[in-house]
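Next up: the structures, one after another.
Both complexes shown next keep chain A, but they swap its partner, so chain B is in the first and chain C is in the second.
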Partner chain A sequence: MLKVDRLSVHAGPVELVREVSFGIAPGERVGLIGESGSGKSLTALSLMGLLPEGVTATGTARLEGRDLVGVPERRLKDLRGRRVSMVFQEPMTALNPLMRVGAQVTEVMTLHGVPAARARERAVELLGRVRLPQPAQVARAYPHQLSGGQRQRVMLAIALANEPDLLICDEPTTALDVTVQKQMLELIAEVAPALLFITHDLAVVASVCDRVLVMYGGRVVESGPLREVFARPRHRYTEGLLAASRLTPRGTRLATIAGSVPPAGHFPGGCVFRNRCPHATPACESEPALTGDGHAFACWHPHG
Partner chain B sequence: MPSRAGTPTGDPLIEARDVTRVYRRPRTSLTRPGEAVHALKGVSLTVRRGERHGIVGESGSGKSTLLRLLCALDRPTGGSIRFDGQEITGLPERRLAFLRRDLQIVFQDPMSSLDPRMRVRDIVAEPLVALGRPVGGRVAELLEEVGLPASAADRYPHQFSGGQRQRIAIARALAPRPTVLVADEPVSALDVSVRGQILNLLADLVDEHGLTLVFVSHDLAVVRHVCETVAVMNGGEIVETGPVDDVWARPAHPYTRTLLQAVPTLEGLL
Partner chain C sequence: MILYLLKRLAVLLASTAVAGAVVFAFMAVLPGDPAEIALGVNATPEAVARLRAEFGTDRPPVVQFLDWFGGLLQGDFGTSYVTSSPVGEQIGDRLGVTAVLVAGGMLIALLVAVPVGTFAAVHHRDPLGAAISAASQVGLAVPAFLAGILLVFVFAVRAQALPSGGYVPLAEDPAGWLRGLLLPWLSLGLVQAAVLTRYVRSAVLDVMREDYLRTARAKGRGRMGALWRHGLRNAAVPVVTVLGLQLATLLVGAVVVERVFVIPGLGDLLLNGVAGRDLLLVQGVVMVLVVAVLLINFVVDVCYAALDPRLRGTR
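Here is the complex of A and B:
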């Protein structure tokens, strides 16, 4: 359904995302995991045609045969919010503080040609569908009158309004308390038609997705079925990330990855992880290709 | 209270008794005062010398309010807080010098807790300057202790990654040789791959300097790795407290159980 092929993102001469390829089938929930600066959010924004000025995407991304990359804004406008929609991390900045939330849900439908009266009715239905209690009252509230979790549900109602083919969620629960996060994750898993879920939190992705892509330095370094990748990671970065996520008993040392994520444009050539990798050899100066059927990885000295 | 296995035995260093804090919302009517918000409803907490004490809670639980009171950054509405036997509530700032020296804080977001226009040298030396102490070679010593090169002193916070900035904040906190380190969500803003580095560093420093650690987090799993004692807060109250392993294995309060079930874990899913 979604087919991304060699998607790259550049800011001037600096390459921020390099030749990312993946697909999402209807009903499939795919996780895109990586730390800050890995390029995961830029990948999502380029699918939405929302890259900041001066940042350009190349390659192809097709949703149900329609191009998402390199097409004029006027064409994208028709797709965005209708065929593909997105829930952002910070609901307070993503919602309009001066508009009642019901009107904001309605707006995304009227923009795509739904008659106003029908859209207003449906907005209340949608607020109920994302399990906001008393949806008719919530529709009349302003964003500041709602809690963080409620605002994020409103964002989800807006994203689902036009029954998109693909839902993209970028760290949708990072700003929420854990008890609220749990409810939100269950809701997303339930309502998403097909999902691209972006997060830095391995435990969160494990509770939502069936398949993962691990990004580092603007590249997909490993991909495959979630259980397989988490149980038997092959790329040394995935291995390190999983080890670092495990909180061992008190008094023991936590596993770490040496150094820190370099700023954009300062990743080494060849394998992007080699300056932090304990297994790096001169072979890593040439770029490893992402290889493997199903479970793929780009590493010269894989684990296991 | 009977002493359970694993309960630290040092003498009480921080003792809060029945602490309350009421905030007033801004008034919305000319005739009535603003609504009262009971942020803390009678909280009692004892932190013993040398203990690693965790405070866990979600937003609105009162953990930040409690922390501000323990650090004398705010005054309680009622109750008493003693530090090393001395009452600190109601003391004027000029008589809090001992607390400003003995208790230091590391905040959550190193980007907003470090002045972007100050060089790292001045940031780390600031507590010493404020206390009128000589700086000498202390900055280089502190930077080395937190694993930063001496050359870091001449640079500005924005030139460092999140993890390195948190190291700078820790170096600053250690400058006046405190006995208590208060860490408010010190790893929440960090990437997983550097979280372990900072937690390992904190553990090393607490051991080496025999520090007492008050560690605030929303994440009970992180607290379990770091602390031996935990207080779980909800709705302005401590709903459960005790050795962290007991609380983890046998949560007594329904809220603690909810919290534990909500934390996504890799172990549970694979």
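Here is the complex of A and C:
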């Protein structure tokens, strides 16, 4: 349904995302994981055509045969909010503070041709569907009268309003309390048509997704079914990431990945992880391809 | 909302009272006794004392203040010691002229600054946007009276298209009224427009970086559509603040511009009052200006609440 092929993102001469390819089948829930600066948010924003000024995407991305990259804004506008929707990280600032919640949900439907009266009715239904208590009352509220979790539910209602083919969530629960996080994740898993879920939190991915893509340095370094990647990571970065998130017995040192993520444009050539990888050899100076059926990885010295 | 309005109204009344006291106190400590001034240097002490009793300036200052302020609340500004005519009437005639001058200047400023500032923000990466920024910087440095003199030079002296000064009442000759006011309006308005343009530009730029604008685009709005529907009202909040401050400076600017264009407004009256040592007149005009500024602030506060639900107090 979604087919992304060699998607790259550039800011001037600096390559931020390099030749990312993946697909999402209808109903599939795919996790995109990686640290800050790995290019996961840019990948998502380029699918929405919402990259910041001065940042451009190349390659192809097709949703049900419709191009998403390199298409004029006029055509993308029609797809955004209708065929593909997005929930952002910061619920506190994502809603217009001066507009009633109901009007903001209604807007996404009237924009795509739903008659105003019908859209208003449906807005209340949607607010109920994302399990906001007393949806009619919430519709009349202003964003500042709602909590972060409630606002994120409103964002989800907006995203689902036109029954899109694909829902993209960019760290939708990072800013929320842990208890609220869990409810939100369950809700997303329940209502999402097909899902691209971006996070740095491995536990969150594990609870929502069927398949994961691990990004580092603007590339997908490993991808495959969730269980397999988490149980038998092949790429050394994935291995390190999983080790770092594992609970360790009291008194033992926490596992970490040596060094830190370099700033954009300063990743080493060849394998992007080699300057932090304990297994790196001169062979890693040439770029490993992402290979493997189902469970793929780009590493010269894979684990296991 | 009603509670908010009542609070603001209470603040308005309290600050008016305080302002009245301050204005009165300032005038009271100024040297120069109205009775002595009226009678000249050769007057006998008895004559001065008699006139003081007649003016009421022999009473304790607090009584004089209460008398004056009480009168103000009923619209009575007292009678001039110098001209023996009621101060309120003189002010009333002039207030309308100054109000029209200031309102026209502000309108021009808004009509220029909102579209130009928004354009400069949307095109902040292009040379044209940068040029607007630079031009507004120049405008910022020009005082209104200088702009007035330049405008007179260009339109009245060189082109001979408009009168260089004078005022015709609207009722007498509407066309003449408009022609007379055009240059004063422009000299007040263009300078304010320069200031306002910068604020509009930065307010719109700030709003363009807001997450909710990205949300609007994610819903399927274009860049301009998102800005129009979700951005401008948000940008209006900081702009209204500046607008209030500007209206206050515009009142002061009007005093000077009235001189340049020989317009019989409040500023003209104030300067005449000062020159003629007409204390009660000066006191009255200053008080009117102060109340005007307080009223503007009140209106600004009300606008805030109308624009931003967060300030209204939650239900």
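The working rule: the second predicted complex is superposed on the first by the 304 of 304 C-alpha atoms of A that agree within 3 Å, B and C clash if a C-alpha of one lies under 4 Å from a C-alpha of the other, contacts with A are read in each partner's own complex, and residues count from 1 in each chain.
Convention: a residue touches a chain if its C-beta (ideal position, glycine included) is under 8 Å from a C-beta of that chain, and two chains touch if they have at least 3 such contacts.
Predicted model only: the values in this text are computed from it and were never measured.
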| item | value |
| --- | --- |
| Fit or clash - chain C, chain B, common chain A | fit |
| After the two structures are overlaid on chain A, angle v-u-w for chain B, chain A, chain C in degrees (C-alpha centres, nearest 10) | 70 |
| First (chain B), second (chain C), both or neither touched by A:Ala117 | neither |
| Partner chain(s) touched by A:Ser245 [first = chain B, second = chain C, both, neither] | first |
| Touching partner for A:Lys182 - first (chain B), second (chain C), both, neither | first |
| Which superposed partner A:Arg80 touches (first chain B, second chain C, both, neither) | second |
| Chain B versus chain C as contact partner of A:Ala231, first or second or both or neither | first |
| Partner chain in contact with A:Leu98 - chain B first, chain C second, else both or neither | second |
| Per-pair minimum CA distance [chain C against chain B, superposed on A] in Å | 6 |
| Chain C-touching residues of chain A, taken from the complex the two chains share | 48, 50, 53, 73-74, 77-82, 85-86, 88, 90, 93-99, 107-108, 111-112, 142, 144-145, 155, 158 |
| Chain A-touching residues of chain C, taken from the complex the two chains share | 125, 210-212, 214-223, 229-230, 233-234, 307-310, 314-315 |
| Interfacial residue positions of chain A with respect to chain B in the complex | 35-36, 148, 177-179, 181-182, 185, 200-204, 206-207, 227, 230-231, 240-242, 244-251, 253-257, 260-261, 263 |
| Chain A-touching residues of chain B, taken from the complex the two chains share | 58-59, 161-164, 191-197, 199-200, 203, 218-219, 221-222, 224-228, 244, 258-259, 261-267, 269-270 |
